[in-house]
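Both complexes shown next keep chain A, but they swap its partner, so chain B is in the first and chain C is in the second.
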Partner chain A sequence: MTLEIVCPAGTPAALRAAVKAGAHTIYCGFADETNARNFPGLNFGRAEMAEGIAFAHARGSKVLVAINTYPRAGAEHLWHAAIADAETAGADAVILADIGLLAFAAEHHPGLRRHLSVQAAAANSDIINFYADTFDVKRVVLPRVLSVPEIAAINAEIDVETEVFVFGGLCVMAEGRCSLSSYATGESPNMNGVCSPASHVKYSEEPDGLAARLGGYTIHKVGRDEPAPYPTLCKGCFTAGDKTSHTFEDPTSLNAEQLIPQLAKAGVTALKIEGRQRSRSYVAQVVRNFRAAVDAVAEGRPLPAGMLARLSEGQSGTTGAYKKTWR
Partner chain B sequence: MHYAETPGSIPVFPRPAALALRLPPLAPLSVALTALARRITRRHPELLTRLGSDGAARFVIDPTDLPMVLQFDLRASEPHIRVLRRDPGGDARIAGPMAALLGLVHGVYDGDALFFSRDLVIEGDTAATLALRNAIDDAELDLSEEIDALPMTLSRPLRALIRFAERRTGVALTRPEEDY
Partner chain C sequence: MDLTIGPNQFFWDADTWAGFYGEMADSAALRVVLGELVCSKRLPFYQDRIPAAVETLLDAGKTVALTSLALVTLKRERKLTADLGAMGVPVEINDLTALSHVPDGAEFWVGPLVNVYNEGTFRWLASRGATRICLPPELPLSSVQVLAALGAELGVAVEVWGFGRLPLAISGRCYHARLHGRTKDNCQFACEDDPDGLSVVTTDGQPFLAMNGVQTLSDSTASLVRKVEELRDAGVSALRLSPQTGAFGSVVAAYRGVLDGSVSPDDAARVLAALAPGGRLSDGFLTGARGADWSGVAV
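So, the complex of A and B:
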């Protein structure tokens, strides 16, 4: 069986590029705070979503709508409307994180397939079985903190599909609970759909290097020949005690391309590519690579050589927690 | 579409050719580029919607291999472009080789990859820059096609500049054809 490639689209053009490049499934969100990539110039209006879904369906691809932030008290109607509009637009599923929203969707939109977002941080079989039994969740996106044997063990104890990240930005915090962005800017991916909101990010070329600032804090400065620094606190460079280092995590991106055969054996259904904030060029290149890889694995051929290193944030890649060799 | 696999080898405008661009007057170029920008926003109204309030800013576009900068003003209802010899300042500055900037418009390169590899410099208002980048990426523009549709008096200087640039850098300044 071929693993399903689930790829990001921040714009209608990126969605079309993904479909043409061979994505089985595309995930995207509405242009508001209901999704965790609420950045300037990104995402879909209601009409754009319906057109994008029709375009994908006509070519045999599916579309998932991410409504994966936590509703603000008193503004729940925004999230409820997003679920209703995703169903009207013909979405194949919605990706939800908030337990109240899952209950709402199960009660009011029972025919709309529900996936559990990585933002719910469901990392063991007990909690996954709870979501499946209580809200009829059909698929769970696993957090990026599990090794391949741990994923295999979870899959042996659950009846729902699992989807794992294989490429792109790497979040190693307890997803949906991380407050680093809130600490520096007052806004977070969990509530506002923005980790390091662009309005709080400033880059400046200075005599001693390129500085990245978030909410007025300098979080990293690099020399002329180094990759540009990433604008999140978790990948910043700090001095703690007498040591200056990337205290939380190294500025590196996930690339688990070579682990696809092991992930298939571990019972994973779908491989997710991060990057709704990236261009249609990125989407097309990454999808083409991963589609070729999963097709090769399904046909018992060797994996094609990877070509994606330079597309990685921070210009370097890691297999993350999957191999547990990473700090 | 045939996309460049990596930024790494972005062509740079040869210095003698760049020096030759010091000679022509800039005012006709400013008029032609403003007409081009207005034509594009009329033909692609979704571009302005996507820019939103974040994109209502004054951008300095600095092709680092050319002896000129563009001040791209998106604060009013219609865009305005001035071509200048020196950086006049603005809300945000986007700098890089001309081929990289055009490659972004045509969807050949990924903006984040160019930024992390230091082929592209972004300074100032990051939200405005992101809005502009995303709006242009979604519009699937072909600048040559847009220029061809301008009145002859305006398109002539731009076409001449494009032919000159293509000859000197080997960069195709049109959107690549889809091949899948």
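So, the complex of A and C:
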């Protein structure tokens, strides 16, 4: 069976580009705080969502709507409306993280398929079975804390599908369990759908290089001729003890394309690409590469090698937690 | 309003660990949550001391609960989580995995590492048997007000993070091990050298975070000592104090003094800043522009 490619779309143009490039499935969100990529100028209005879904369906692709932030107390109606509107627009599933929202969707929209977002960080078979039994979740996006053998062990003990990230930005912390960003800036993935927001980034030219600060904290400083990666908090350079280093993670991004055969053997259903904030040409290129790779694996051919390295953030890729030594 | 001692986040040797709970038995806190929250590899070093500590605390009239791990991935961690109920005290779930093992209708508590951001989740947990919920430290006062009011309506006690370095993130990766060029499986317990966490400072020398094995904490010690009035008005019933080394009895006493009105919040803040690792306090998640902010005078 061919692995399903689940591809990001931050705009209707990116959605169309991804469909044309061969994405089996697209995921996207509404243009508000209900989704975890709540960036200025991104995401879909209600009419755009319906049109995008119709475009995808006409070409045999599916569309998943991510409603994966944690609803704000006193404002849950915004998230409830997003679920209703996703169903009306014809979404193939919604991707949810919050328990209250899962319970709401199961009760009020029983016919709308539910996926568990990576933001719920369901990291073992007990909790996955619990979500399946309690909220009839059909697919779980696994957090980026698991090795490939652990993913295989989980799949052996559950009946629902699993989806794993294979390319793009890499959360170093368990997803949905991190408030580093709001500690420094007041805005977080869980509450606002943003991490290390650009509105709180300041660059300054200093004698020893270009400093990038987030909420006033220096995340890194680079020399004049060095590449300056975006100052994502957990990929900064800090001092701990007597060591100055990338304390949590290097400025790298996930590239697990070489692990596709192992992930297929581990029983994974779908491969997810991060990057709803990326351009449509990036999205199209990544989709084409991954589609070629999963088709090759399905037909027993060798993988096309190393095509995506230059698209990676900071020019370096990691396989992250999929290899146990990452820990 | 009263006081809860949260589970120790750090790796302490067994004697220090047991000594701490002996001291807490004589403290002004009404309840204590203990057990391993952060890393299952630490547990064997003090696991056999837990029953005696529970007994000491119960004998002293405290209410006691046992915490789950914050992140459950390994087989032995799943077994550990499934067995938590055997101790005969309520389980505080800090990962929903623990909830999957709570028998239907049995009482449980919810810790600050479970994402309770809104009424829907709060109601759902209450319907499953939650009797006490400590809200995530990230929540602003406006959310705390809504949820504490709901707690009053449903008969669920609502707590907030009152004191301690903030648990900002949990990871599959051990940062103490990484710092020493090791992996988590071969960590050699590097975190033991930092019983309040290891400071993470920016390259400009600004204190920022603290590492604690797989956990990342704030550098500042959160303290809601200056927010007691707002929290009481909202209907919050307890402040959670997170253990650290040093004179923790004095921390508990400072909070009890503020709750009783015998110590002013600013006087208590001075005492707490002197006891906090690094001496910096914050209360910005509740009322500030960002978590690291402090509403009082700089100390």
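Everything that follows uses one rule, which is that the second predicted complex is superposed on the first by the 321 of 327 C-alpha atoms of A that agree within 3 Å, B and C clash if a C-alpha of one lies under 4 Å from a C-alpha of the other, contacts with A are read in each partner's own complex, and residues count from 1 in each chain.
Basically, contacts are C-beta pairs under 8 Å (C-beta built on N, C-alpha and C of every residue); 3 or more make two chains touch, one makes a residue touch a chain.
Computed from a predicted structure; not experimentally measured.
In the superposed model, A:204 lies in contact with chain B only, and not with chain C. By the touch criterion stated above, A:281 is placed in contact with chain B alone, chain C being left untouched. Applying the stated contact rule after C-alpha superposition, one finds that A:10 touches chain B and leaves chain C untouched. Between chain B and chain C, the partner in contact with more residues of chain A is C. Contacts of A:191 after superposition: chain C is touched, whereas chain B is not reached. When both complexes are overlaid on chain A, the residue A:71 reaches chain C alone and has no touch with chain B. Chain contact summary for the complex, chain A toward chain C: residues 70-74, 76, 97-101, 103-104, 121-127, 129-130, 143-146, 150, 153, 172-174, 176-180, 182-186, 188, 190-191, 211, 215-221, 234, 236-241, 243-245, 247-249, 321, 324-327.
Within the complex formed with chain A, the residues of chain C that make contact are 70-73, 75, 77-78, 81-82, 95-97, 99-101, 113, 115, 117-125, 136-139, 142-143, 146-147, 166, 168-175, 177-179, 183-185, 198-204, 206, 208-209, 211, 216, 218, 284-285, 288-292. Remark: chain A residues 10-14, 17, 20-21, 39-42, 45, 197-199, 201-205, 210, 224-228, 230-231, 277-282, 284-285, 288, 307, 310-315 touch chain B in the complex.
Per the touch definition, chain B reaches chain A in the complex via residues 1, 3-8, 49-52, 54-55, 104, 107-113, 115-118, 121-124, 126-135, 137-140, 178, 180.
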